[in-house]
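After this come two complexes, each holding chain A, first together with chain B and then together with chain C.
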Partner chain A sequence: QKVSVEVLAHLEQLALVDFRDLEGVERLQKAIQFADQLHEVNTDGVEPMDSVLEDRCLYLREDDVTEGNCTKELLENAREKVEEYFVAPPGNIPLAKLEEQEAFLQGS
Partner chain B sequence: AAMKDGLRSQVSAALKEGRVTPTELCQRCLALIKSTKFLNAYITVAEETALKQAEESEKRYKRGQPLGVLDGIPIAVKDNFNTAGIETTCASNMLKGYISPYNATVVQKLLDHGAVLLGKTNLDEFAMGSGSTDGVFGPVRNPWSYSEQYKEKSVPKSHSEDEESNWVITGGSSGGSAAAVSSFTCFAALGSDTGGSTRNPAAHCGVVGLKPTYGLISRHGLIPLVNSMDVPGILTRCVDDAAVLLGSLAGHDPKDSTTIQDDFKPFELPNLTDVSKLSIGIPKEYHASGLSSEILALWSKAADLFKNAGAKVVEVSLPHTRYSIVCYHVLCTAEVASNMARFDGLEYGHRSDTKDSTERMYAATRREGFNDVVRGRILSGNYFLLKQNYEKYFVKAQKVRRLIANDFVKVFRSGVDILLTPTTLSDAAPYTEFIQEDNRTRSAQDDILTQAANMAGLPAINVPTALSERGLPVGLQFIGRSFQEKQLLTVAKWFEKQVQFPVIQLEEVKRHDDGVFQHQKSASFS
Partner chain C sequence: AARGCGGVWHRARQCGAGRPWPGPFPRGQRAVACNARGGAVPAGKSGLAPWIPVVGLEIHAQISSNSKLFSGSQVQFAAPPNSLVSFFDASLPGTLPVLNRRCVEAAVMTGLALNCSINKKSLFDRKHYFYADLPAGYQITQQRVPIAVNGSLSYSLCIDNKMSQMVTKTVRIKQIQLEQDSGKSLHDDTRCQTLVDLNRAGVGLMEVVMEPDMCCGEEAAAAVRELQLILQTLGSSQAVMAEGQLRVDANVSVHHPGEPYGVRTEVKNINSIRFLAKAVDYEIQRQIEELENGGTILNETRAFDSKLGCTVPMRDKEGKQDYRFMPEPNLPPLILYDAKSLPANMNHQQVINIDWIHERLPDLPSVKREKLVEQYGILPEHSFALLNEDGLAEFFESVVKQTQMKPKKVIGWILNDLLSYLKQHSLTVKESPVSSFLLADLLNLLEKKEISSSAAKQVLAELWKGEGKTPLEIVKEQKLELLQDQKELEQICQAVIDGHENE
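Take a look at the complex of A and B:
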């Protein structure tokens, strides 16, 4: 059972990484095949396990500010910035739409 | 010859008595790093800061106020731990040039104890792999490839051809750290362990590799792979040293809410002489297909060792062992898909030049920054997390995880104290052979014996046991109960004493040696 082209495209969109080539797609196929072995195990009545420390209380600290004010250090590692802002290219342009525009532009 | 506890009785004593100074120690390690550069164990050598730290340590010794056993001791840290002011790359293009603005908690603790940070060690990209061959700075070479012991056993062709093409891998993903400790360029190193990444290279490089219980040591500052399984790992040349490191690192960290709040008391290991009250479990499922006959024999010999010394040795069953690797595959890729989402080029790390749109920039940044292995796991992970697959794969894997963890609970409840298993299926493979299979296949094969301990969160340790027919190290693994590191290490120390694993005979080490390096073992050979 092969993964459909729609799902492959959907995955690339979600992951924001690409399969690059046929090898990448085959790698996914093999990964799914490998994972399918899980279905041999009978897990009726078994609760999923999130953490091995599930029997303990999670540590919660007081809601007090103990550190911060490190804007300068944090900005140091960013490539594009303006004053105290990280700068991003325009958003809300889904990848597919861009492709469409390009194809359209190429045609015209 | 008698086993002396390394750091404490030898190097630390030498520093206290002024027989060697921290600066001399540091300089010697730095020189040895230079002459073993061909191993490619280090990505960054922090020469200036290391010498400064050594200087400070020296002042403390002169005042008679060392901070403890670790004061002045050169250590190395795997390059997926954040180190303030020092580049942290995870062996990936995504983080090339990234200078950490802070120290990981474990790094800070080591520095607070006066340890000298020599540099950052090489690994598989983002700790994904079992060979330390898939990072952007190239593969790490196992120091044993250049040992007298290995060369003696190699079929001689032309001498130079031998060295260039015959070298073996370190295992992974903490291969750089294992190689650094094994080649005497540092006294201890930090690794990480998610599926065996500390124990596997420890076995191949003939060093002690400890995976602590999940929740004992802080992960704050360790760039995460699988949040529910990652732990910092400890690599040393003897079990006593591992206990020293553990003592300085374990304990609750408010910055990592997955660390337990119980008080942790550092301990010294007793010299166990009577093992008659011990019950050792031999899990039959660890006799995995592909296990070399050599290692099987060694495992058997070890079991007999305990039996003859009066311990109770029983065969036990961990029935879901063979699903551990499949379970890991799903949970790991799923968590990776989530954890790698932070790499988008905006706040740190590599950023693509694309300016059209945010999505385009993210996609290009990630295409340029991640290697095939990382991208493959992200895509697989996203697949398993799709709405239509979530129950079928992710939740299913979480259920199987519980079954695996329960297997261990049952066995420990039946009276078994410690489990004894092989660590790897065979000794280290030659690099040219190893790369014939892809990363996922290799990881699936190599993690089989180590992965389940991560699944259940249990402490586990590799103890170097003997040399294979090819003259390469083989180790055995002990798995203990949650948070029972003292018992685990005590038994490991007893075993270490029995097997007297040989010291590596390396030309470069001999040239720099003056007794201080080979501090914990006289040259006794098994």
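Take a look at the complex of A and C:
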């Protein structure tokens, strides 16, 4: 069972991954096959475990202000900033354009 | 309280002075004929089959707490950008969420007030999508098993214009879930960039999902108004829409009676309760018109444009989103207890007892209204109006305590005179230049028949200037006292009669 082109495109858009070439796609197929081995186990009537923490206690914190006020430090990570705001492109850029941008940046 | 609709709509004719449809509706007027009793109506004059609109709401209420849902940074409106942001809020690697107890209590209180079943075990999930104001690339929410489910909210509507006939409606609450708020994006179109402020990122939200039990803008508005009052009474959220503490998205569709539900659209960017009613009614009309013209409704997200009074498709929302929900790996299940299941040996700071919270719930607005009606003999519409304005009920009760005038008479002065002054000058009850003491003083003069009713209104107008004079002082100044002396009255009457005889 092969992964369809539509699913690949969908995955690339959702997760912002790039399968790049045939080798990448094949690696994906092999990974899926590997994971499919899980189906060999009979799980009828067994509740799925969704977290290894299911038996742990969820710690509840008191409602006190203990953090914040580190604008300068946080903005040190920003490539671009305007008056203590982070700067981002206007809205999400569709993937195709992103590739063009990268090519342009590499060229310049 | 708002006017109710019948639940069935007909195609709108062009309304008013040839205003083209779709367009903003003239104030106070609705372009559609409704059946006031709420039953299905046979095909109208135009011969077209009637439509049943279906409205559901998703409401996000910001939790009133000192710090955020999963971090210790402060929750505050309008602070310097990015000053209330912890490393976790900025999604720096190596940081982990730590749940705020107060936020859980707020959600439990709200669930109980809305008659929900509280899930003693609820789970956290990640909802993935990319946006500049969501630094982690996902939002922590409760998609699979939320904290509260299956509740109900009762609200009231007026059937006619005079507010004398009220009807109670109920909307089912599907669930209440805890989730993180995102940061704020400021779009700078001139420089083609977005400025991001993460102060709001990570603030606790309660998402209240209402089932599609409503059928028009006014029902939606009345339901949200009641929810707002409940949240404010509980203190779980201050629910001020103007400050973004209460956000409403409406899901709207139409269908013919007996047929399956139509395709629904989601309407966002609604900034006030008034706009909510407008947005919903506009969208219903738009869908009816579209379908009757042979078009189709797209399952899309639309934004309400308050200036134009219409909904427009939203950019950045192409295609159906796949949020790839997965369990939040860093948080164990949230376990709540009640009196029966309370563990013996646990540190009580780590334990949330649902019954303990239930016992301490304050009187909800509906209960307060009943008590006011019972205690003071006022009408239900009056108690509605009293609770609709912050502090007005307390003001009323304070005046009643300080005057001999019957509550049924006092209420007129509160709702007609005081409230209209407040509205005219855009003041809250707390800002009133006339205190309950002064008003009671004035009403006592009236009750003792020392002044007439019209004189009392004159005194009130003077008191409103807030110059510090007492009612008695104003009465004396303007000579408004009622004459009590019989002889003096006879003399005046005789003089008037004599005066007329001469004509």
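The definition used in the following text is that the second predicted complex is superposed on the first by the 92 of 108 C-alpha atoms of A that agree within 3 Å, B and C clash if a C-alpha of one lies under 4 Å from a C-alpha of the other, contacts with A are read in each partner's own complex, and residues count from 1 in each chain.
Following the convention adopted for this analysis, contacts are C-beta pairs under 8 Å (C-beta built on N, C-alpha and C of every residue); 3 or more make two chains touch, one makes a residue touch a chain.
From a predicted model like this one, the values you see are computed outputs, not experimental measurements.
Shared-chain residue A:V46: touches chain B; no touch with chain C.
Counting the residues of chain A that each partner touches, chain B and chain C differ, and the larger count belongs to B. By the touch criterion stated above, A:L22 is placed in contact with neither chain B nor chain C. In the superposition on chain A, A:Q37 makes contact with chain B only, while chain C stays out of contact range. In the superposition on chain A, A:E84 contacts chain C only, with no contact to chain B. In the superposed model, A:R56 makes contact with both chain B and chain C. Once chain A of one complex is fitted onto chain A of the other, the partner contacts of A:V7 are limited to chain B, with no touch recorded for chain C.
In the superposition on chain A, contact is made by A:T71 with chain C only, not with chain B. On chain A, the surface patch touched by chain B in one complex and by chain C in the other comprises residues 10, 14-16, 50-51, 53, 56, 58-61, 70, 74, 77, 86, 88-92.
Considering their complex, residues 98-99, 101, 214-215, 228, 252, 254, 257-261, 320, 323, 326-327, 329-330, 333, 337, 344-349, 351, 354-363, 366-367, 370, 372, 375-376, 378-380, 382-384, 386, 392-393, 395-403, 405, 438, 440, 444, 456-457, 482 of chain B touch chain A. Taken together, the chain A residues at the contact with chain C in this complex read 10, 14-16, 50-51, 53-71, 74-75, 77, 82-92. Only residues 65-67, 71-74, 80-88, 90, 92, 98-104, 123, 128, 130-132, 185-189, 192-198, 315-316, 322, 324, 327-335, 349-350, 352 of chain C touch chain A when the two sit together in their complex. Across the complex, chain A meets chain B through its residues 3, 7, 10-12, 14-20, 24, 27-28, 30-32, 34-35, 37-41, 43, 46-53, 56, 58-61, 70, 73-74, 76-80, 86, 88-95, 98.
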